[in-house]
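Chain IDs A, B, C and D follow the sequence of writing; residue 1 opens each chain.
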Amino acid sequence: MAGSYYGNLFKITTWGESHGKGVGVVLDGCPAGVLLDEKVIQKCLDRRKPGQDPYQTPRKESDQVEILSGVFEGKTTGTPISMVVYNHTQRSGDYKEIASYYRPGHGDYTYDAKYGFRDYRGGGRSSGRETIGRVAAGAVALQILKELKISVTAYVTKIGPVEAEKRDLTQIEKNPFRMPDGDSAQKAKEYLEQCIREGDSTGGVIECEVTGIPAGLGDPVFEKLDANLAKALMSIGGVKAVEIGDGCKVGENKGSENNDAFVRMDGKISKASNHAGGILAGISDGSNLILRATIKGTPSIHKKQRTVNREQEEIEIEIGGRHDPVIMPRAVPVVEAMTALTLVDALLQNMTARLDGILTFYER
Amino acid sequence: MAGSYYGNLFKITTWGESHGKGVGVVLDGCPAGVLLDEKVIQKCLDRRKPGQDPYQTPRKESDQVEILSGVFEGKTTGTPISMVVYNHTQRSGDYKEIASYYRPGHGDYTYDAKYGFRDYRGGGRSSGRETIGRVAAGAVALQILKELKISVTAYVTKIGPVEAEKRDLTQIEKNPFRMPDGDSAQKAKEYLEQCIREGDSTGGVIECEVTGIPAGLGDPVFEKLDANLAKALMSIGGVKAVEIGDGCKVGENKGSENNDAFVRMDGKISKASNHAGGILAGISDGSNLILRATIKGTPSIHKKQRTVNREQEEIEIEIGGRHDPVIMPRAVPVVEAMTALTLVDALLQNMTARLDGILTFYER
Amino acid sequence: MAGSYYGNLFKITTWGESHGKGVGVVLDGCPAGVLLDEKVIQKCLDRRKPGQDPYQTPRKESDQVEILSGVFEGKTTGTPISMVVYNHTQRSGDYKEIASYYRPGHGDYTYDAKYGFRDYRGGGRSSGRETIGRVAAGAVALQILKELKISVTAYVTKIGPVEAEKRDLTQIEKNPFRMPDGDSAQKAKEYLEQCIREGDSTGGVIECEVTGIPAGLGDPVFEKLDANLAKALMSIGGVKAVEIGDGCKVGENKGSENNDAFVRMDGKISKASNHAGGILAGISDGSNLILRATIKGTPSIHKKQRTVNREQEEIEIEIGGRHDPVIMPRAVPVVEAMTALTLVDALLQNMTARLDGILTFYER
Amino acid sequence: MAGSYYGNLFKITTWGESHGKGVGVVLDGCPAGVLLDEKVIQKCLDRRKPGQDPYQTPRKESDQVEILSGVFEGKTTGTPISMVVYNHTQRSGDYKEIASYYRPGHGDYTYDAKYGFRDYRGGGRSSGRETIGRVAAGAVALQILKELKISVTAYVTKIGPVEAEKRDLTQIEKNPFRMPDGDSAQKAKEYLEQCIREGDSTGGVIECEVTGIPAGLGDPVFEKLDANLAKALMSIGGVKAVEIGDGCKVGENKGSENNDAFVRMDGKISKASNHAGGILAGISDGSNLILRATIKGTPSIHKKQRTVNREQEEIEIEIGGRHDPVIMPRAVPVVEAMTALTLVDALLQNMTARLDGILTFYER
């Protein structure tokens, strides 16, 4: 039942509800000696916070993080790092109506079915606000990866029917959709404005590329790197598909079309192509990781919808308020966070794979 | 590093290599009182074993399972159930050549990168033979699900370009491809024979449908049912994409196209459609679960390929022997097993979700 | 490395340092529907807080707890319960001296050896203040046990050479030492005053009795109830021995002296004696649990001591300030908390032991 | 419910019943490159097996171990190591009587209470035979510790009233009681013969000393080294008390009597005494570890005893057959195994404690 834990050696617990006192995370197992202050964390949270542009929910939250433990004299101490973001908007009143029925596509019904009742204010625990804890802990993971010269970059490759046609990473922060292709971003804008006019939302795809990853990460046969990344991404609200490398395309391909030839490059073993997305038999092969998560359009739409209320009567509803018509841009830092958390855990676990590595470590 | 464990309360450990003495599994946490004998297990294993028809590797293995512990007087005792299948084909000699180079698309290189060396005989631990332990333990999970009137049925919906056009579950065991559509199976046969002639293999898709599942399974925010199912399926060799419900399609859809209206049906809350695939906010909603795994064509192809040997020299290879040109039909029981294991674990964990349930339990 | 986690289904993470911003805990896996507010928690914390009487450190801390999540309309929601106690005394200055050397009997040296440096302020993470999180989460566990009519009562049975001669539980809160025997408490007082005059501290023993526990808790062979209780108690700072039932005495006894005869009592199977302390083969037998933890005298004494500083020079030190000369009375609620946390986890896990119980549960 | 798992990174699962087909263990997370064959394992098992001398059960079992996986060309591969010992004595008939009643001091009643029925043959899973899996996996752990120049030595320090007066480790294997003191062993022999004549058994104490352990092992505040060792030892059948260092004695001592002064020795920080038993604040301090487990006299005695049968009638029984009147000598290798397993896990986990260590590792 304890479902708010993630990771084995580098382990987080997120907590908090959308309209409770706050949200937060405890990160345990962070190595001692990582340079850390609130600015490092804040930078990541700011990319996730609401109201960054007109295409997002205008909820006013500064999302200021406070580190409560685990850091001393500017460095992590190896003890748990507790981080909190207090909520400023706690208007329960607005949600009294939602309390009485089950919004389609949301967790209202399933939370009730499981727990017998629910904190209905803004979705409670099933709100996207829960990801604040993930992003805060992910910021620490990204800091560690940086020391290891590993980069994690996510971006939006698809908004409804609009697909990014190139991967120009310099474009990502230059458009409100975090697309790596300015032209596509422009088309996405048009499509999105149409969705908004219709009171609708749109799905899309986030891709994530990781560079600098060593070969050897992942522990067959269940703690495979791709298996853990799939869980990591699928645990993000709204994600309905996860792909590695060529992903769904391999279903149509022949074996010869997927196999990546090994070659020598710069005196090292490398691959001539990367259909595998950097993972073979569940272990990283040293090529870039390529992951993709497909996210559904946020279910909070303004169109009239049928549903059932707590008294099990069929009713028609129209959800008011303003909601993100497109969630992908704000989910980009969440994908990066979950990827980073998974990678740091895999990196730590991999240190114990060989006796010679252990002997060298303890001979220090 | 301990990666051969799966599950929390209903927990398995698989062991064994393709050409070692055998493969097996220990299942711990199985409730006492489940009727069990070797026939129940064997039936599942027989669907997985090689040589069932001309489209599979002709390796001769009877894959006879033996239960070594945890069952007494025909019932599980609540203690660990150890099951073993001894290997009969242990021809190390055949693999000496493979020992010297890295087969594209296989784990040869990554195992070496991680562990410093590898059991190269038939892929060692990365062989599909490892899944025998999964299927054996999955058979016990399926037995428990049956008692709860939950069914798990997987089938092949795509082989290369050939897609099943209907879901007629009575067809599944009537064609060698386990497709729920006889006509498509016929087309698949033709496509596959072409692949074989070319010395190539083909990818495809397995879908899995679960009926009878109660609402309430899954533990947000990381032990979500879909997150765990994604991990379960992605941990199967060759899987490159996992989808829930409408899966990748939601990336092109609007919110209004994904939202399933809640309705009353037979006096209970139900859904008018099932785009969600039976899971909302990570918790089962009582509708059927719909999962899909895309699998790459087996990388063991007969075409000439470039690669690198252990001395890091670039070479050309041609892999001999006979291999499955299509792995999906034999992977069907593996998908069912991993789904069943994940569901039983979720069912057990869900028993502790509410105080009233706990009080009732202990008042017995 | 992630060591601040405890429990499997009912799982806590404590965080915080003695002189950081605060200390706290996240409790995940708490069943929905438990009546809970801050008063319930505060009552337990007040028994642990410093300055309750002249025999304790006079550090001024009100130890006010705040619940930040997981409770809605007075009941737990099944989502993580985050609780925080902010520190008011954060005087780093006082500890500059301690920063430079290793206090005997404390964790100063070992934390440095492990992490490379340490938060030296008041012992940082190794401070007894860390147990606030345990007591707060334990209060929730005790609340659940109360619903199940299970009571957990700890008390001090030994302070240095003074042993409690009876177990009169009504006496526990009537003397500052939480001894179940007023006369012994008087003798302990005299002994303790002598210790204080000498600038010394004293060890002792805490016993814990649990009534109302059903038979069947504990999961052989590693998650045995006694094994987990041993870990739970040994994880409390200063504990050097853990005993179950007759404990160390069984080393001198014959088998016939330990065996408890089974008898019928009130129409149920019971035991004529309880040498076993309520646990047989790692599973509760329905009798009362009897546990004991032996705690060393707090190492912060005023006597002159030899030690080594960070420059590895041998020096003589005299630790100033005022410290608890006897830690047992304040550790009583900590022992109760750790016992309660362990029991709730065992109770939840035990719900899945039998198929018939599972079938009944899901037929609801 | 899954209770047959131990360890986090270096993880074992034991399985098997006393009179089932066999007993065994799967060890997952063993680093690649450890030299291993069956002889290494067998040597440890031979010290545990029955019938080594007249003071032990004469059950005939050769306890021959077979390694089924995870070893290739004489070295561990990093994949799961499955080991099995087949039972030769599977006489169910002998146990029909035991099936009908609950032996005092045994797990018969508690297993029935938990699981609804039990494998009654020879105690089933609660038999001491279960420890074969622990010793087999422990042998691998000891092999790794040897490479790190860490030694683990257990011995019997007390048999009933007879205490070893010295710790001469060269004596351990020279007497049937594994006492480190020949004279005490002689007295123990006399005491034991008296117990046998009376149809009784005797309790005692096993001590374990670990040398060569680096400072820094153990992860506060729940994965403390002493907490995990307490669990490890308390999980062994019959253990009722666990002590670290001065153990129970600290309850009578003053702080000044327990504090170990830090000193410089051979250019390193060391301690002038070792009351702490090598662990401070849950982390190893570089001194020798000193652990003690008190074990009760085996409950299978020949004296007449009262008990209750499955029909809940009170009866008198006399247990026939021949049983170990003293279990400590055979438990010595089990204590060593559990200690070794715990230490290897702590060593692996400790590798991730500091960023600098991680950076160095990945710069290789």
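Assorted remarks:
What we mean here is this: contacts are C-beta pairs under 8 Å (C-beta built on N, C-alpha and C of every residue); 3 or more make two chains touch, one makes a residue touch a chain.
This one's a predicted model, so the numbers in the text were calculated from it and none came from an experiment.
For A-C, the equivalent interface within B-C, A-B or B-D is the one where over half of the contact pairs agree by residue number, namely B-D. Across the two candidate interfaces, A-D and C-D, the one carrying more C-beta contacts is C-D.
In whole angstrom, the spacing between the mean C-alpha positions of chain A and chain D is 44. Put simply, the C-alpha centre of chain B and that of chain D have 38 angstrom between them. Per-chain CA centroids place chain C at a distance of 26 Å from chain D. For chain B, the set of residues that touch two or more other chains comprises 1-5, 8-10, 14, 29, 31-33, 78-79, 114-116, 125, 220, 348-349, 352-354, 356. Contact residues of chain D toward chain A in the complex are 8-10, 29, 31-34, 76, 78-79, 144, 147-148, 214, 220, 347-349, 351-362, 364.
Residues 1-6, 14, 102, 104-107, 109-111, 113-116, 125-126, 130, 158, 160-161, 195, 198, 200-205, 215-224, 226-235, 237, 239-248, 250-264, 269, 272, 276-277, 279-286, 294-301, 303, 305-308, 312-314, 349-350, 352-354, 356 of chain A are the ones touching chain B in the complex. Across the complex, chain C is touched by residues 1-5, 7-11, 13-17, 20-24, 26, 28-29, 31-33, 66, 68-70, 72-73, 75, 77-82, 84, 114-119, 124-125, 348 of chain A.
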